[in-house]
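Look at the two complexes coming up: subunit A is in both, with subunit B in one and subunit C in the other.
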Partner chain A sequence: MTTATDVRDKELETVNGFEAETYYANLKYVPDFAWLRAMKNSAWNQYQSIPYPTRKTESFRFASFKRATDSGFCMNHKPQPQAIAERPQLINDVAGSLVLINDQVISCSISGELVTKGVLFMPLTMALEKHESLVRKYLEQSHRNLGADKFYALHQALSFNGVFLYVPNGVVIEKPFITYHWVQGEQASIFPKTIVVAGASSQVSYVDYFATVDSQQRAFVSSSALVYSEKNASVSRKYIQNLNNLSTIFHTENTVAERDSSPTTVGIHLGGHYARHENALQINGENVSARLYGLTVAAGKQEFDQRTLQIHAAPHSYSDLLYKNALLEKARTIFSGMIMVNEAAQQTDAYQSNRNLQLSPDSEANSLPGLEILANDVKCSHGATTGRLDESELFYMRARGIKPLEAKRLLIFGFFEQILEKIEDEDLSESLRNLVHQRFDSITH
Partner chain B sequence: MSLEIKDLNVRIGENPILKNFSLTLPKGEVHAIMGPNGTGKSTLAKALAGHEDYKITSGEATLDGETIIGKEPDEISRAGLFLAFQYPSEIPGVTIANFIRAALQARMEKGSDFNAPAYYKELYSAMDKLGIDRKFTARSVNEGFSGGEKKRCEILQMMMLKPQYCILDETDSGLDIDALRIVSEGVNSMRGPDVGFLVITHYQRLLNYIQPDVVHVMWDGRIVRSGGKELALELEEKGYEWVKEAYANA
Partner chain C sequence: MSTETPEISIDRSKGDFHYDTVSYEYDAGVGLNTDTINYIADVKKEPQWVREFRHKALESFYRQPMPTHWATKDLETINFDKIRYYLSQGQKTTRSWDEVPQEMKETFERLGIPEQERAFLAGVEAQFDSEAVYSNMKEELSKLGVIFVGPNEGLSDHPDIFKKYFGKIIPTSDNKFAALNSAVFSGGSFIYVPKGVKVKQPLQAYFRINAESFGQFERTLIIADEGSEVTYMEGCTAPKFETATLHSAVVELMALKGAKIQYITVQNWSNNVFNLVTKRGVADEEAEVRWIDCNIGSRLTMKYPGVVLKGRKARGEVLSIALASDGQHQDTGAKMIHAADETTSNIIAKSISVGKGRSTYRGVVDIPRNLKGCKNNTECDALLINTNSRTDTYPAITLRGDQSSVQHEASVSKVSAEQIFYMQQRGLSEGAAMSLSVNGFINDLVREFPMEYSVELKRLIELEMEGSVG
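Then we have the complex of A and B:
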């Protein structure tokens, strides 16, 4: 049987990516700052000059490079907010919430108390207008991509909105902030940019949630996030990708950790025909405790292409990465991870682990764990495992009367739990647990 | 009403382990099976529980007249047979509370409501009896548990599922005296006219705490001698060499 996706793959080969026309038309949404225009022009030139990945592109090793394309998408469908009016919120009790459709602002709210403390939470366009120099500082920081440079250049060129969250020094916020990134319209694309700055000794939790309004309209998302964790800050960041299975996704995440800070990122990856996620952590100071977690439910003909980098540039810091993938049907996953420990980063404690649960013999899990250690006094480990459900665990559960399908389901949910339990906010963890379970049940029923 | 095992033959791979094994465990009684390592005690437990690696080649096993041969492990469990494992599996990410709840729900009719408050009340009461910290409800089943904690968790499940026949496979191994006493109290609290226990053990010590009605001695895949609880003492005194010598050439 030929699915709609197969046909689309073939069509795509003959179509080009974004045209200059789109780029220039889109500039009207970008605030008129010379430095910003220059940045975008340079990004657009880069986008045009960098070739699409081919079979030989090392940074796309194991990926179906033909899926790594932006062909056939367009921008700026007019948002129809009534279509999402009835959609349930992921969490209700929040510090602030922003809703975007096709990168255009539908609503934005922040608790008044936080405003008086100097917390900024607003769409990026508004932040640029009101706080140009502050935002510029972070926009001009070099952003590390892990090989999807063409698509990152495209993101830089076409991005005109996103979210800016700034938490001043010492401000502690318990409730999470959330941004809903909706994509609406056939072949619509978005290019949102997230900037989270957690000031010294501050505490903040932030969620990006990506979803398509229509399950049958394929979307293109090229997004980035910069999470800046100042001295002694505690940042909890979640990336929830729940787009439909026809969509193409590129995301580049950079976490920068200054001394004594503890950033945690949790990624939940559910949607996409091709979903590439790049996650780079840069540890700049001592005594950092950083955690990177990922959970993927891959089914059908989905492909999840995940690349990670943990850079230890300072001594006495800790980083731990755990990416777990459950693979069903004919899904593919790629995990490529690297720990880099600089010469100066003595007494580093760095871990990297990729666990794949292969629930179908037709699925394919690729793993490329890596280490590059230049310091001589470190504790580092990396590892990847790919396995099936454990027969003795299944027997044990069945020996308690639990029926085979339910026993498997419980074991698989148990596999997810090691990531879900890392989410400290109870409402959010329950909501994400439901999201992941529903996604799994929708595949298997 | 009994667990009736008749001329049971079980193989693992090509190796015959149980050889015409027969035993009748009437409801309300506690029987102990003793014997040296490698005589098939654990094979008996696993085979009755329906483990697919233990091939039943002939014979019969019935629970109150209903056969369990050829049934799936979960069907056998729901039919009323409980196996307390010698080496319980660790189930990462599944909490004890959710695990036992799933086992109870598997026994409920479709569409009927689960009474969560009553469940927790009963669960906590059983945990208190077994000296298990209530915080364990939120811990993954057996993950990171000590040997004693694992065995207590087995008895907790047994108390919650209320089976009609229980097989305890070397539940005493790896237990210190306190844990042994607590586990035994749990078993003793369940004793009554509606439950039958088959206690598999290598050592006589457990039988000081759980007084058996009948003691069976197992050797080379079958029961070679049965008697009262004094048989356990005799074994303790003479050792298993005595059994080996008496029956190796028989």
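Then we have the complex of A and C:
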């Protein structure tokens, strides 16, 4: 018997994603290393064999699976750099900055002093040519995706550029590095790959900023990032997603933490029609202190599909996750988190928290906070709350003469502040605060 | 703390015996097909619509895959072709204890059923394999119009009200095991409490599996009419056989306007029973459905009691205790579906994993439309005793709109070394200190059970904890 669902599922299978032609045409951008070609071919085969998610795909639970599609996009629009010349910079005082349009390099700079210390900061294609064996080591590391396997395979197959940041042992860099990933052209797509390696006892701050040049042109972004935090390293990583509301986004992030290291990642999620963000943390050593933060402002008919995983594979480590979502209009958010504590990871301290602020009668927040604990001497907890602004707090402010709208705005900004204050660079935190506030005001006015 | 498996000395001795001498008059044989269904329907002389209901359910059972894409792979070890689906000595349920066949009488006497009836119950039903052998209720309740019978009588004597709700709260195709139950159901209870009647003492059913490789598929339907109140308790035991046994029940509750239903389960199946149960209640305006659920036995339990909060100001609650020892997986949880304004729900789940035991919490809280003033509170706490114990938590929460609120909290911990040290310092043995700590962990939930049960529960847990320290 064929049910209505089966029929719909079948229709989906016939939808065309990226064609083989695109794949083969794109190979000319990929350096001609046999190992790399083999990797790409196998990824392309996987992409073709893995079905699109359906209503029943557990890893897409609650997501509008029909939005999880790559159909109707293309590659290789020619970049037109003059279009972004006037755009403001997120931070002025940087250690290095890279600008990509449609994955093609527009500009790249790094302070000369850091070059002499052995710091590498360059487009991935260039890094492959100059430091093949080093880059290969990280490209061949197994990368964990949290269920969007088809789209990750697509990313692996079509990705030809990105960023490679390598900080040698003991090098401490105060100023941040930043990469601007611009998407330009109707239905254009990018597949950037970020690799950040922080050597033993080093310190580094890195920002990926994603944006569309035109607010009316649909973009497809399928990106990945590997943040590798060696022994005693301190890494501060930010992911700023400010694409337009028509775009489709798949991002898979892996943070690997070796002993005594302290990686922190902050994600700011503003754009997208469907934005899937997968964030996996792997703790491999003792005494790690890892933090994962997320802030989402969802409005219109946007859907944010966020999946997280904290793996504790070693004892005596700490991880903390906080994802905050503000929901306006008809927006939907999905938070699906998991803490996995292995048998060996005794004395783990792991926390996971999801806070949803409902600001509209039509918005919908879904929360799947999970735990899988195989060690007994642990402190683990998760919490999820969904609710609206506190009436008594609003009343308090109004009693002091603050107008209702302004009171609301203040309370909402206070809700965001818990994440924004985690950004230690003042310059950056101020620009992001402005970005988030502007975004919010543009929705409510 | 050791990784060694603690010695398990749970008190299953009480239920671990069976009678080989029972001669079953009716036996549907081994395996499941349309003939099995026809055999059961023939034996029970059921009307055509029930027979069709069973056949449709069987098709649905065949059609649905095992839910192993989210549930444990252990389900795949169930061999449906080696299970006996219907065994009984006859159709007659007696009201008199003296008329119960000897072996069955001894069985229930050893389990203490008639004593309990005299002591504190308003009515008792005892089910032995497929059919109830004994059913009795205090006379004053019958005079008030309370009905407490098996589904067979419910079907034949009260068809109007039975048909109205039967299979409506949990549709046949709800899940694979609900479909299986709908195809081969036998035994269980049908309860109707008329308007305004408040049954003060609990009604009890006792489910007993005696035969090896047997599947018990009882079906319970409780309807509490407007403003009435009822408490129902079920207990389950089985002897430990060589081969796995299957228990797959469907329980439907309907609380009409202002009614209150409290459903209490103490599940102590032997630990080779697959206990796969679907339980759901519907609460109308200002009604309340409360599930109090305690799972100590079985190899694998999958049970997520649910409440559909259909009317304004309806209230749902699930209080759940799970104890998973070596070789056990307690996969329990709760579902709260809010479908009307100002509905509230509360879930408190506490689990203890001992040895290689695994306990899992799975929950659904759904406020799918923009309703006003709905609230949910969920707390699930897990206690891990040994280094090789395991716990998982998989909640799913959906909230639409800005007029309601939900909060969910979960924590995982072990018994703190400081606590044990403190008690040892004051002269308690390590074991006694452990057991006291564990009892403290679940104490506020245990209090919700009727006295007799809470005493028994504490004793069971104390026994369980013995030897788990060191």
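Simple rule for what comes next: the second predicted complex is superposed on the first by the 430 of 445 C-alpha atoms of A that agree within 3 Å, B and C clash if a C-alpha of one lies under 4 Å from a C-alpha of the other, contacts with A are read in each partner's own complex, and residues count from 1 in each chain.
Just so we're on the same page, contacts are C-beta pairs under 8 Å (C-beta built on N, C-alpha and C of every residue); 3 or more make two chains touch, one makes a residue touch a chain.
Just so it is clear, the structure is predicted and the values come from calculations on it, not from any experiment.
Chemist: After the overlay on subunit A, what do you see for subunit B versus subunit C, clash or fit?
Modeler: fit
Chemist: Could you tell me if A:28 is touching subunit B, subunit C, both of them or neither one (first, second, both, neither)?
Modeler: neither
Chemist: Scan A:369 for contacts with subunit B and subunit C and give back first, second, both or neither.
Modeler: Only subunit C; A:369 stays clear of subunit B.
Chemist: With both complexes overlaid on chain A, does A:78 touch subunit B (first), subunit C (second), both or neither?
Modeler: In the superposition, A:78 touches no partner, neither subunit B nor subunit C.
Chemist: Tell me which partner A:388 touches in the superposition: subunit B (first), subunit C (second), both or neither.
Modeler: second
Chemist: So, does A:445 touch the first partner subunit B, the second partner subunit C, both, or neither?
Modeler: neither
Chemist: Shortest C-alpha to C-alpha distance from subunit B to subunit C once the two structures are superposed, in angstrom?
Modeler: Minimum C-alpha separation, subunit B to subunit C: 16 Å.
Chemist: Quick one: in the complex, what on subunit C touches subunit A?
Modeler: Interface residues on the subunit C side: 1, 63, 69-70, 370, 382, 384-414.
Chemist: Across the complex, what residues on subunit A touch subunit C?
Modeler: On the subunit A side, the touching residues are 1, 56, 58, 61-62, 343, 346, 356, 358-388.
Chemist: Please give the residue numbers of subunit B that touch subunit A in the complex, ascending.
Modeler: Interface residues on the subunit B side: 49-52, 72-74, 76-78, 83, 85, 88-94, 98-100, 102-103, 106-107, 140, 157, 161.
Chemist: Write out the stretch or stretches of subunit A touching subunit B in their complex.
Modeler: The touching residues are 390, 392-393, 395-404, 406-407, 410-411, 413-418, 421.
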